[in-house]
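Structure first, commentary second.
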Amino acid sequence: MLSLEGVETFYGPLQVHFGVSLRVEPGEIVCLLGGNASGKSTTMKVILGLVKPRAGRVVFDGRPISGLPTPEIIRRGIGSVPESRRIFPDMTVRENLLMGAYTRRDRDEVRRDYERMLELFPRLRQRLNQRGGVLSGGEQQMLAMARALMGRPKLLCMDEPTMGLSPLFVDRVLELIRRVNQQGVTVFMVEQNANLALQIAHRGYVLQNGHIVLEGAAGELLGSPEVRDAYLGGGDGR
Amino acid sequence: MNRSFDRTSIASLRRGRQVSLGIFAALAVALSACAVPAPPAAERAGQPAPAQPAAPGEPIYIGVSGPLTGPNARYGVQWKKGFDLALEAINGKGGVRGRKLEYIFEDSQSDPKQSVVVAQKFVADPRIVIELGDFSSPASMAASPIYQRAGLVQFGFTNSHPDFTKGGDYMWSNSATQEDLSPALAEFAHQTLGLNRLAVFYLNTDWGKATYDLFQKHAAKIGAQIVAAEAYLPDEKDFRSALVRARDANPDGIVLISYQADGAQIVQQLATTDLEVPVVGASSLHSPDFIRLGGAAAEGVFIRGQFSPEDTRPTVQAFVQAYRARYNEEPDFFAAHAYDTMNIVAALIELAGPDRKAIRDAFTQIRDVPSVIYGKVTFNPETRRVDKPQFVDLVVKDGKFVPWDGTARTGRQ
Amino acid sequence: MPDFALRTLGDQLINGLVIGNVYALIAIGLALIFGVANLINFAHGSVYMVGAYVGWVAVMWLGWPLAPTFVAVAVVCAALGVLIERFGLRHLQSQARIAPLLATIGISFALDQLVQIIFSPNPQAFSSPLPATRIALGGVSIGALDLLIAAITFAVAAVLFGFLRFTRLGWALRATAQDREAAQQMGVDVDGINALTFAVASVLGGIGGVMIGMYFTSVYPTMSYGAMLKGFAANLLGGLGSVPGAVVGGLLLGLIETFGVALLGSTYRNLFTFVILIGVLVLRPTGLFGARRALPPEPLTGTFVASSRPVRIPAWLVGAALVAAILLPFIATDPYLLQILTSAWLFGMLALSITLVTGAAGQMSLGQAGFLAIGGYASALLTMRLGLPVEASLLLGAVLAAALGTLLTWPVFRLRSQYVALATLGIGEVINQIILNWEDLTNGPLGLSNIPPLTFLGLPITQNVPIYWAALAVLAIAALFQWRLMQSHLGRTWRAMREDDVAARAFGISLNRYKALAFIASGLVAGLSGAFTAHMYSYINNETFAATTSILGLTMVILGGMGNLAGAVVGAIALTALPEVFRPLADARYLIYGIVLLLLVRFRPQGLLGTV
Amino acid sequence: MGMDGKALLEVRGLRREFGGVVAVDGVDLVAYEGETISVIGPNGAGKTTLFNLISGLDQPDAGEICLDGRPITGLPPEVLAARGLARTFQHGRVFGNLSVLDNVLIGAHTRQSAYRLRAPVVGMAAELLLALIQLPAWRAEQRRLREEALEVLALFGDRLLPRADQPAYSLSYANRRRTEIARALALRPRILLLDEPTAGMNPTETAELLEFIRALKQQGLTILLIEHKLSLVMQLSDRVIVMDDGRKIAEGRPEDVRDDPQVIEAYLGHGRRDPEVTDWKVQSEDRKLH
């Protein structure tokens, strides 16, 4: 469904990606793991068209999307849950949700999806008229997910969905991701919290300093020392 | 890993340098090009050149420094109309001393930092025999030392600032000073129109302030009471608040020491305040612009002006008729003034020839030059200004300035 | 008597509310643009002016009734707004914030001049087609136009509210303002939203222009600057970027001004406005209503300075240029050229002073003309009243400019980035107003005449070549002074403060102290330039150092490259010379000047010599 | 070293809220002279906020901070810097347009004689004059500081030294972090706060930095460290403080903390009720760290 092929990106003089390639098959949950500054958030930005790769390409649904403007990419069926949620702070929960359906014109369907989201995320229903900025972190994460799903994406891209959440919410969020996936949405997530992510993922990639150093089924990765290396930087006393 | 970066940055650096240098070069070329006024290089070689007689048939040039852009641009436009009209007549009659008279108008925006540059340009151009302007006092007086040093007459014909002609013996003006204007205005309001409690609006510039100070002094002397004095800045557009203040002081007359646009705005906004008293304006209001902008609200405004289009003197009629014919509008005080000024300049050159110093000396020699505004102009060598301007009392009636017949004191409805 | 007072109060209240309504309209537009594009749009006043002219043409030439007039104004202004965004600003989005700011200044130059060329500089009478009758309410009376203005502002505010609250596009606009990147990820075409914002804001500005044209009964090309200033003030009062804040700020500003004038008189209008504005900024930097959220986190460098490699000018080249400048009068005797360069030297000092405080220390100052004015007046008064020799008064004038100017700027030190720009603009205005109104000292608008000429060792300098050399010498001294400071630990400290004030504080750099030092050093140089100018002109008044001078000075610095000493001088030469270069083009020269500015920003936003 | 020394930094009951979210919630912390204390915890646990509060960039809503027995709560960062508190920032805040050397020299700001001219107006005038006249003594001092700064840069081998005159924005991420540390060292700090110093570094670089910090520690410098790379934490720290959700959930010697189930849960992944998984974590942790 989605593939990155030999992507290289730069911030000014700083090279972030060195030939990154990965694939996401329809119906999968794929997680991209990596420590701080390993380049995983930038991967997300490349997919969304916020950062243009200098080399390589991104293919979605059989068509290359690298170089397209972000709105066009979104319109083709990618939903985004950005890092640290990025809820619109001065818009109400309702408005935030409907912003997720910005690219859609089918008003009745949107209304139906809206109701569905409130069923899926009952907490949001209680807060419909509150400003997004006053929600707790967990509520914001749910709102961000619901908002992305409002666009009826084929692929949901999530950037560190568990970051800064209390344990209770982390479980809720992971459970929700699983349920969303079961309803037929392919999920690509970037996570720092490897153990958690691999609990629900089908497959995973490990990114380290801009290189994909490992890939495999979630189960294999869970036990793999390389995953740990990627996190601990391998700097254990050598 | 930085190698590639270094290369690109050096390349961009080099590109940057090229851009900068390119712009430099272009600037330098353009500067040197514009720095050269039209005459051939040989003529420019010497230091500030005294005016040299050029080949007969060459026009005689006058420099004009004034605003054509910027906030005062409208006055420069009026000047041009007056100049052009005068020159048409002068050159139509064969010019001065057998040569055509022409002017070079340099836009200074009435900004001192540009007027000094213009001054240097004129001073350096040997064709220029006399300079007119600038419009505002800061612009004129900043340039005065340059004209004085170079020995080129700066004829600041709109500079009523009391200190303008004190800048040196090359500074001359035919603008009436406030010393003449203000007492006349006070007398008109109090003695002629019988107004006792005056609310005065004055433009808070060098001109307005000086006029007001003298007005106030004279008003006190002749027994008129100033119950409200409202100063305002040239860019002021909202007079309603100040008008309410004036209304509360309960005046029986309003005096405007204003220019055309602001004066018109005051009378317009006055119409929205329930204050119905006569309005008396300084001669600066004497402009069709005032009526055009003031509309119905300008009706009945009294003006102690310096010329009347109805004046039957041939000088005035010649000017008014020609102006109407050429521009299809009523002449304004500034245009009339510019027209007068060009005629004075013609008289000066006729007498002195195209020589800078001789022209300066001619100021004390010319007598009774016919003038729209003064009737006849003779300069006072002490003040370097014109003595005893005449005044005419006007009232706005049916969208025109007409001489006031002495009746209907409360002309404003 | 109480009746009488009540009536006055009522009348002034209506005056204040009506004008406040228009300020609110202008301010809403600025707030929208600031919110969405994070840009202070200096061209907004020009759009407002264009709107006024379109309305004037429709009513006075074509004799249209009001309804189609407003439609026409809306259409033209919307198109203008889109054009400005598309061709003037869009490609500058990723540049340092100074670039689009400068572009809007260029656009505003060009638009003002264009309108002046088409419609002449004369004000045009604009009478509203409404009946002139007034409705009496008790002792107070309200005119039809007053009601119309109130109604239109109310209607526009309501429509805008509805648009932002209930429409898809309105939501997209708000979302973009709140989080541009997140909006993009919702599929919002943020470039399109930008254009839409400019269109909406321009329509509001244009409608404000028509209404003010009718209210003040005339339109004129220079009406833009004042309106823009008032719009900013209203905006800051309410909170930069806040739409409800803009409405309240506009109304408040109208009332404050009106009652200020009622209390003290018209000349104090701007003094009132700006003193209160600075007060608000200092007490509540986010404005009265913008305080709910802190400012969005600033980028790591909270300054306008982009990363770039400056063009290093080798010492021999500087030396050669100086020698060439000294020898120039022997080669080119044309006093016109020398005068242009003399002006350039003096402006070079202004630019140096700005490049220090804005470029090196990162405090964007738009009030630098205030320093010039203090220096000029102080030096002139010291020679005229106390009989000091000019050499001494020049220095004292510079010192006074530094001291007084820094003292007045002190309240601004707690502000950051664009707020500093607007607050210093206000301070410059305050200084100008004090000079105008403190007649005992400054002789008010009559100014100071017969200021003694410059002297050197007691000998007067009056010829243009010696003046040229003197100005060059003073510039060289100022540049050396500044270069020396920039080479010392102060230069390093200032630049660190500019790059990241948080990190700077964490290493013991007291921001107040070093901002003060920057303003002092900058004030010395600017004060010297002002003092020199005063003696050279021999006459100054409040208009000699007008607020536009500050903007011109800043433009020079940006052109040359922020914080770049050589760049400041190059910028000063270029911008003093450009209008002269274009002089043969007469009317069009400021139009071309504006366009040239725009192109420079487009193709070299870091300035000719790059930023340091 | 350790608990017997003098308490250099004491933090009691520190609390900071941001619009309803409690970022730091009643945290206590004591650092004795010469100690290296690591603060660990998942993202968003409040570690950086804690650093901001200690270094004066942010003001606490409640609680007290003492440095050397003197209360410093609410003092601005510029004052704390002069008292010997230096820090680095999570994302690396170097002065981009300044050269590497100048960045380090800013670290020495409080050690300049100009810094001691504190008198309100006179001091400022004096500093301006000093910068202008540049007396030989001033020059000598600047030269000395410059040499010291180069020495500090030399500590990083030829990572920074050859780039001393390059603008900081042109550095790699890792070099920026090094520049930050060098800048902090130039302050001659009594206590050094390092916020994720190895972020963005590869294993080799991380190992290098580990040795570097170890050397600092051996010289007796008191260090507060926020770090995600656990191996580094385990090797360097005398004590470890674990934060989660704004609260301190554990404190103790590294080996004790590592075995604390609460810590494992917080740091390595929340709330797995699946015992198998938890076991795996502990095992693998053991395998890696012992």
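Chains: A, B, C and D, in written order; residue numbering restarts at 1 for each.
In this section, a residue touches a chain if its C-beta (ideal position, glycine included) is under 8 Å from a C-beta of that chain, and two chains touch if they have at least 3 such contacts.
Just so it is clear, the model here is predicted, and its values are computed rather than measured.
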Per-chain CA centroid nearest to the all-protein CA mean: C
Pair joined by the larger number of C-beta contacts - A-C, A-D: A-D
Length of the line joining the C-alpha centres of chain A and chain C, rounded to whole Å: 44
Approximate Å spacing (C-alpha centroids) for the pair chain B, chain D: 70
Computed distance of Cα centres, chain D from chain A, in Å: 32
Where chain A and chain B are represented by their mean Cα positions, the distance between them in whole Å: 71
In chain C, residues with contacts to at least two other chains: 307, 309
Two or more partner chains touched - positions in chain D: 169-170, 172
Residues within chain B bordering two or more other chains: 1-2, 5, 9
Footprint of chain C on chain A - complex, ascending: 12, 48, 50, 69-71, 74-75, 80, 82, 86-91, 95, 98-100, 102-103, 133, 147, 151
Residues of chain C touching chain A in the complex: 168, 171-172, 174-175, 178-179, 181-190, 293, 307
Touching residues (chain side chain C, partner chain D) in the complex: 300-301, 305, 307, 309, 481, 484-485, 488-490, 492-493, 495-496, 499-500, 502-511, 513, 516-517, 520-521, 611-612
Interface residues, chain D side, partner chain C - complex: 55-57, 76-79, 81-82, 86-87, 89, 91, 93-98, 102-103, 105-107, 109-110, 112, 114-115, 124, 127-128, 130-132, 134, 142, 167, 169, 183, 187
Chain A-facing residues of chain D, complex: 19-21, 42-44, 169-170, 172-173, 196, 198-203, 206-207, 210, 228-232, 235, 245, 265-266, 268-272, 277, 280-281, 284, 287-289
